[in-house]
Amino acid sequence: MDLGSFLQYLISGLTIGSTYGLTALGFTIIFNATRVINFAQGEFVMMGGMLSVFFLSAMGAGLFPAIVLAVTCTTLAGVVMERLVIRPVQGANVINIILITIGVSIFIRGLVMLFLGKDTFALPPFMGTESLNFFGATIIPQSLWILTITMFVLVGLRIFFNKTIFGKAMLACSFEQKAAHLVGISVDRMVMLSFAISALVGSIGGVILAPITMTSYDVGILLGLKGFAACILGGLGNPFGAAAGGLIIGVLEALGAGYISSAFKDAFAFIILLAILFVKPSGIFGKAEIERV
Amino acid sequence: MEGKKGIFSFLIFVVITFGFPWMLTNDYYLSILILSGITAIGVVGLNLLLGYAGQISIGHAAFFGISAYTSAILTTNYGLSVGTGIFSGIALSSVVAVIIGIPALKLKALSLAMATLGFGLIVYIFLNETITLTGGPSGFVGIPRFNILGYDFYSDLAYYYLVAIILTFVIIISLNIINSRAGRALKAIHSSENAAMVMGINVARFKLFVFVLSAVFAATAGGLYAHYLSFVAPSSFDFHFSIKLIVMAVLGGMSSVWGGVIGALFLTSMPEFLRIYEELETILYGLILILCMMFMPQGIVGGIGKLSGFVMGMFSRGGGRNE
Amino acid sequence: MNNGTSLLKCSDVYVRFGGVMALSDVSMDVQEGTIAALIGPNGAGKTTLLNVITGMVAQTEGSIFFRLDDLSEAQPHIRSQKGMVRTFQNLEVFSHMTVLENVMTGAHNLYKYSVLDSIFKTPRYFSQEKKCREAAMEKLRFVGLEDDWNKNAVDLPYGKQRLLELARAICGDPVLLLLDEPAAGLNPKETSSLGRVIAAVRDELKITIVLVEHDMELVMSISDDITVLNFGQVIARGTPGEIQKNPEVIKAYLGSDD
């Protein structure tokens, strides 16, 4: 194998893996606050891309304002979802909650399909179209944008969780809700915040990827599931493990598509998912228990 | 008492199913009923898994698909008889169910949901991409119509009775299992795996049993589907179809065999009767799932049960006053 | 009553959870036909020991002998099939079933028939189900729940759910019954009638019992033998009379109980 194509696969893997990582981060944030896996996570990613396209073309907003609007709307959608369907069923059994979040996911998908149609859209690249050459591999500027923005999001979240009072309160909730409640943290508000943050992070993941892979109403299923694969790979409950898991899945998928078969590209992530679940359900970075006995 | 109520429901089902289609003059309605019946076979199976044993599968469309394609390929390309084809499809689906089920059923609800979802997508991708074998996204055509022992089920009415008879057997098998030692073991696993173990129930074995049984029912439906339409495409067995099966089970009522039948009939026929509905179908499925889980976790059958309980309660209260 | 045969033998059991030693060097011998109580302050490791005995928690070291079998590595359902059944501290009745079905489930391995028997409703199905039903009704009468047989298990009041768990546990004709705080949440009247039922399980059904319980009046009135755990270690064992006078035990209780 030559270095140029290997690097090419690596870069495209890291690029797409960033979105998987951000999706995975979203899963983890909600899981830590609520012990619920939000099956609608992929739809937040889809909304980021689709709403940006909508605000850009239909409303005639500039690219940057369109993106800000899209991310804001998705974040609000996260909050609304928590208030309307998650908070009222606190303490219901896991299967019921899984089914509710699946319901939300297809509901959102249906709405977007109804109003924005079934077509595939492209978002213009953020800036620059001139590709760079790097040891025989081509790097498009959007890849650099994706990697940079992902780094910023990760650093931002790290600071948020370690330095701010809200972030620390959320961490406290993830360890022990009752104790957090006793020291005066509003658990309800933290759960809502977790939905907001994970919708925010997910939609950013969707926005940055849209110029490269195009977007449509149904990209959320695959992105969501690959994000979950990343989550499991990194160890459920471990946010930065999840982000790393995303990059690993992205790279493995790109290498698999390049060297094995591009037709089965999408299957690789799920084969990895099944392999991890069946062999080491606690993930490669973590010893996090998946479910308390 | 349970027995009497059960027999009563069963009689109603038999009378409606076997007495009704004589009056149908419209072939279109008949074909909807056939598709509802085929789907119901799968949903009843899924309900045993989801409603009784409390194990989730978001990849059940895969078992429909594996069986439909196996039978289609064997009968069309290799000239095997339809009966052999369908049996091979069911056999392959059960083998796959065992291979997937053994590791997957060790997982708790969240991971099991994702594992079955991943499995379903892998099968879907496989059906799409192995073009020389399956015909790829454009589908597989020219599948022979169901025939057995020289009798061809060419007329829709004949096919309807075939499906109705098989559905009846599936219902009888399910009801008999539920009202037995195995049924109690499944319900016990649903309530508390720990307590079930303590009662000496081999939890892993019973979970696998119900998973494979539900796959067998799904596979039976898949075979009947392929040999009814003479055409299959991967998109019939995609993620949405898995979700649709769950919505049918949930809407009908998860802890009732009849719930699966009612859910399948309702959600297969509804879109055909309401044309505007097509655009809204996905949204409606989402809403049904959310609202049922929030407000009506026992589904339509549970609602009917509650209503009849309420009415009975009124009567017995009335009786109490008279005494 | 005590014929001196050892039924259950836990030897040198250690359980470590991460850095915490939940049980350390615990040995216990239960004589056939007795009620052996296991007491100790909260967090002493009583439930952990019950979990080890029934196979729900794996011991780090040590072994469990039941009759003459080494069951140290056996899965919970195997131990149950050998005659070891338990109840739970947090009620675990089967909520999707009626009272009678709950108890019938307890006899899962007593009245066996295959799935095919149930699908084809063979004579074997009917005869085994009939026997199972009769056995379950008898156990319901034994604990005094026969009038509630057709109710949904979850509709029973708390005290009755406790009795239901007991009926379910004895329906499999166990050799050894392990009760995890059966009197928790019961009022004094319910507790004393529960005590009579437990004693009857030993005396009439000849089932050996391991009893984990906080209610000292109950423990002292029905136990034949008491083992006291504190911080995962055995600090005393003896008859109720001996234990009540044991200074170590008194210190453990006064020193750490709130």
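In order of appearance the chains are A, B and C, and numbering begins at 1 in each one.
By our rule, a residue touches a chain if its C-beta (ideal position, glycine included) is under 8 Å from a C-beta of that chain, and two chains touch if they have at least 3 such contacts.
Values in this document were obtained by computation on a predicted structure and should not be read as measured data.
**Student:** Give me the ID of the chain with the smallest distance between its Cα centroid and the all-protein Cα centroid.
**Tutor:** That would be B.
**Student:** Measuring between Cα centroids, what's the chain most distant from subunit B?
**Tutor:** The most distant chain relative to subunit B turns out to be C.
**Student:** Considering only C-beta pairs in contact, identify the chain pair with the most of them.
**Tutor:** Going pair by pair, the biggest contact count turns up for A-B.
**Student:** Mind checking the centre-to-centre distance between subunit B and subunit C? Centres are C-alpha means, answer in whole Å.
**Tutor:** Inter-chain centre distance comes to 40 Å.
**Student:** Could you please state the distance in Å, as a whole number, between where the Cα atoms of subunit A are centred and where those of subunit C are centred?
**Tutor:** Roughly 47 Å, centre to centre.
**Student:** What is the distance, in whole Å, between the centres of subunit A and subunit B, each centre taken as the mean of its C-alpha atoms?
**Tutor:** Subunit A and subunit B have C-alpha centres separated by 33 Å.
**Student:** What part of subunit C is in contact with subunit B in the complex they form?
**Tutor:** By the definition above, subunit C touches subunit B via 54, 56, 75-77, 80-81, 85-86, 88, 92-97, 101, 104-106, 108-109, 111-113, 115, 117-121, 125, 128-129, 132, 150, 168-169, 172.
**Student:** Could you please specify the touching residues of subunit B with respect to subunit C in the complex?
**Tutor:** That would be residues 1, 52, 172-173, 176-177, 179-185, 187-188, 190-192, 194-203, 209, 255 of subunit B.
**Student:** Going by the contact rule set out above, which residues of subunit B touch subunit A in the complex?
**Tutor:** 50, 54, 56, 58, 103-104, 107-111, 113-115, 117-119, 121-122, 125-126, 129, 239-240, 243, 246, 250, 279-290, 293-294, 297
**Student:** Within their complex, state which residues of subunit A touch subunit B.
**Tutor:** Residues of subunit A touching subunit B: 37, 39, 85, 88-89, 92, 94-100, 102-111, 113-114, 221-222, 225, 228-229, 232, 263-264, 266-267, 270-271, 273-274, 277-278, 281, 290-291.
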